[in-house]
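Got some structures for you, see below.
Same chain, two partners: chain A is paired with chain B first, then with chain C.
Entry: the complex of A and B
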């Protein structure tokens, strides 16, 4: 046991050193680029618009990541968040499109978002029942969730719209927050954005606070690390796990809706759908962030930044193969995993817990 | 419902019992049950979604709602479209061939306790490698059966080699860097799609569309027995079956196979008995990559006749097939046949009834979900009165308060 703890400490020190190293490297690279002769070229690419795009692109990754983090912290590995993102993306477009006529576009988008949350939560509850009550292998069941929504969303698209991609529907408008949005630079970056982005900016600190400083957060952590002690303290382990899983579903629902209702206004069902791996990138984001919601957000920003960079390079008409450059975030994910793959996962993640007093 | 058990003839139970041991029998029942339950869930989905589809002549109406799809009709069209004619049987066997390869590729890694999702990427690159060989060497070889055979052999070797390399990569990342294989393989699938697209567009493009040179007829495996329109050659199916048998033999009779199985079933025991787990991981992944790459080669040479970026998700289907077969390479054969019927049936379904063929994709996920929860299947079994068999009661005994 003591050896275990020592091992953990060594791992954590190595990881912390790697994190600090990577951060230092990044800072050096940025400074070097800024003093280099390419300065003007770079600042014309990496402008406020770039950071704004990166922030918008980080929303699904961050929300799915924080959801997955809660689920895994509580002891249930949720590989299926990619599937719940797909569910959210599809549902939000379906409901928005179906109600825009009667409710008006402004109300329909909010109803679309709400529907995505409901579908995500209910889907996650079913996943929870499969994992907890029926003791399914969590990784296989999570894969099944992904596959089900990967098939279901294009299937229903064709049933409902007659096409694997939906028609375009109403989207959220960017909302400028009074006064704050007048701050130069920061105002355009943070305070002139989509409602879904604001939701993420609120969720990140709240999720961090709840996990670290509330009794519910303590239950979540204990449920994944040491379920017996939580049980002894009279808390129902499985109930904590159900709630955590439903949080992951709800957040993924918002993330999916953010993908479709912020810029695109459409569900794309081709290939891996419009979600295209954001859920899996979210998993890597929370691994890189060491199960800390703030770290998860930072990691998600890194991946989203790479994605924004390739979009920006295409925008300015640089002659590169866009598909190849689109793969850069995926390569980055693998590099990050190689550097931080050895994160210590919660001791009882993946394990079923059966209370002794049934 | 409980009289269903009494209606099962005793002889059948005896034969089943002699064929497989208790746990194997339970596993078979779970797989078959999962398949049936997935079809039932699919039928419910068809009923409900039929209410939202638009069609000229609804199957039936109920309280103002019009239902477009009749599940029984859907399934009978699927079955008929899968095995109803020599042409459609050829299509099904074509799918089955690809699914056996993909299923065996997944099965060898799953046996080692590795969740390898990367067969899709190896399938993509394997196919591309085969097409690239044709692109660069077709003019160098004589345009006859001999040259065709050489072209085919070279192409399949390239497919296997590229598959092996692309399979070994996540193996090395897992063994030496502890990078979770589920994530790396999924990322490598995305990367394969992007890289393959760029390669075809920049180097191998033929004409305006992003696709490779057509493979000449003399290098295409000949269609014997089945009509050539179904793009299926029994000359490919036979070696494919041999690969499945060979994989089974390898797992059960070779040192590597033993290490693979021990690593999967008893990881700590494997460590203590001196198994070099890192090496086992890389070798298993490489072996899986070879077979996944071959699936890509077969797809290009036998099925499509060229390579283009939107390939079917054969690698993902392989996961369903493997899970359905309890990761047993021999079991992969019937599982691939079942799933092959679903696949080719769904195409017929789309053409004849206008029901989206993506239904097969949904069923793919639902099947895995049911197989993943044996507890649930045992409960269903108990409800049907099948639960008193020795294999299930041992496990369910502790669960008596569940009901």
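Entry: the complex of A and C
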């Protein structure tokens, strides 16, 4: 017992030392940039517009990440969120495009968003049935989800539009919230934005509150940590898991719709589609955020911020390969998982649960 | 430990199986389009068969590829050819498509058209194995083959004109019903992937701006892809928010994002490849002009040469302003608001370029 405690203490000291080391490195990097000849350029590009771009880019990552977090907290690892993002992106464009004529653009985009949520939830339900009822390996089923939508969405867009890329459809407009949008800086950043960004800004604290402070949140956590106790308390474990999986599908659906309806309203089917790995970055984000919705949002904002920074650094002549920036989230998560190891995966994630009742 | 090994093995298996499913999907998709595309002309015996391999950014970009397809359609209508198309999903598939078309016996293709810089290596490789097969590569060049003719463009010349116009907007300002620029003295450029062709756009555009007024601030950024409108939008957004009066793109589908940003900023933008105020008509309210690059006539002409028996596999043609391959066309909706002095400057500059009085760099100096 005493040995155990010593071990923990040693581990903690090493961890602290490593954290201090990383912090020092980060400070050195920032200072180096600030004394470099690029200083004026850099201070000029980090402005409201920069944070706004980062915020908008973080929407699909955050929503997919929080969805994946709920699913995994409940015990079902959902690496298929990338697939659900694709489904959401495709569906939103399809439905918006098909209904814009009869409903008008303003209603059609909302219907497109709703359709993306429905398709995401239903797809997630099917994934849940495969994983829970038919006890499929969750990682493999999740990969299958990705591959299915990666193939299906471009295929359907070829069938429907005759092209792997859709035409452009109606999109959301940025909405300024009265009064609040007049606040300098914050008003432009937080209160003059796309509806999908507002949805994310609401989802983040709500998801955090629900997970930490409601009985449903407790069920979700218990279902992933110790399903037996939840079962003993008379709660249906698998029902909690189904609901959590559907939350992940629904949130990914919104995320996918944000990628299309809050940009140019086009579904791109080529390569990795318009989603291009945001779902995987979402997984990285919740791992780095240690399954905390607020941490997930912070990590997503960091990755999106790096992306926004990369696009701006080029403009001041500091040309770093975009591919290098693209690798940052994955490198970061490896560093966090290996060097710090504070991320704790739910004890029963990936395990099927069978109640003794039936 | 054994548990872990097993997991990894199943994981690899699943990935493999998934990849196969994915590949099967690709093949299915492209075969489908082949069928529909070629069915049109199969009825007429002895018709010329042409295959085209689109770039990854592909059809639906409301510019480059769509324009090339128009040339193909024109050839179908006027020359009665039949055609097939390959739409690869990734750069690694180019060689497969070229190989597939080159080895096809039914139909035996008289010409395979490749587009863009990305297809240089695939065509170089495949054309060595099929000496009897004729290729035309448009928008890039394969050296030292007598069965691959090349057609390229002088994008730097056309883009110089776009630069001239942009410089006028950045100094005089611009007013129309839908957009306004106050003449902040800042212009922007959005590139797709960085390659020599796109750099010609940037270099010519930058030279056009700087030759007019060196004090104009020039901003440029590349999205890294031709099919990332979201990236194009965030680049252009940052440029407009930092005072850019006008932004020009050479980014295929990525450029649609630039137009979206222009609409939100209420500033003008310059399109590329086709008259985008028509081809991307959702954005005609911000497109002040477009620098056209006549892919359609390049495709049509090379097919016409094959039909007439004039195909020359060692030819290396560069189309420029003088050939009408590039032109700065003013937007349908707001182009008329371009000042007379700017229009005159563009016209005279065009003549000077054709007469060889202006030397324009083809590469961006770092």
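Here is the rule we use: the second predicted complex is superposed on the first by the 289 of 358 C-alpha atoms of A that agree within 3 Å, B and C clash if a C-alpha of one lies under 4 Å from a C-alpha of the other, contacts with A are read in each partner's own complex, and residues count from 1 in each chain.
The rule we apply is simple: contacts are C-beta pairs under 8 Å (C-beta built on N, C-alpha and C of every residue); 3 or more make two chains touch, one makes a residue touch a chain.
What you see is a predicted model; the values in this text were computed from it and never measured.
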Of the two partner chains, chain B (first) and chain C (second), which one does A:139 touch, if any: first, second, both, or neither? both
Please indicate which partner A:338 is in contact with in the superposed arrangement: first for chain B, second for chain C, both, or neither. first
By the touch definition at the top of the document, which applies to A:160: first (chain B), second (chain C), both, or neither? first
Have a look at where A:330 lands relative to chain B and chain C in the superposition and call it first, second, both or neither. first
Pick one for A:280: touches chain B only (first), chain C only (second), both, or neither. first
Does the superposition put A:264 against chain B (first), chain C (second), both, or neither? second
For A:348, is the partner it touches chain B (first), chain C (second), both, or none of the two (neither)? neither
Is A:79 contacted by the first partner chain B, the second partner chain C, both or neither? first
Per the contact definition in the header, classify A:58: touching chain B only (first), chain C only (second), both, or neither. neither
Mind sorting out which residues of chain A both chain B and chain C touch, each in its own complex? 137, 139-140, 143-144, 146-148, 150-152, 154-155, 158, 164, 270-271, 276, 323
Give every residue of chain C touching chain A within the complex, in rising order. 7, 10-11, 14-15, 18-19, 21-22, 24-26, 28-29, 32-33, 56-62, 87, 89-90, 188, 219-225, 227-231, 233-235, 237-239, 241-242, 253, 256-257, 259-260, 264, 280, 282, 366
Per the contact definition, I'd like the list of chain B residues that touch chain A in the complex. 45, 49-50, 52-54, 115, 117, 173, 177-180, 182-184, 186-188, 190-191, 193-195, 197-198, 201-202, 310, 316, 319-320, 323, 356, 358-366, 368-369, 371-373, 375-376, 379, 401
For the chain A and chain B complex, residues of the former touching the latter: 79, 130, 133-137, 139-141, 143-152, 154-156, 158-160, 162, 164, 269-272, 276-277, 280, 283-284, 287, 321, 323-324, 326-327, 330-331, 333-334, 337-338, 341-342, 358
State the interface residues of chain A toward chain C in the complex, per the touch definition above. 44-45, 47-50, 52-53, 56-57, 137, 139-140, 143-144, 146-148, 150-152, 154-155, 158, 161, 163-168, 171, 174, 259, 263-264, 266, 268, 270-271, 274, 276, 307-308, 311-312, 314-315, 317, 319, 322-323
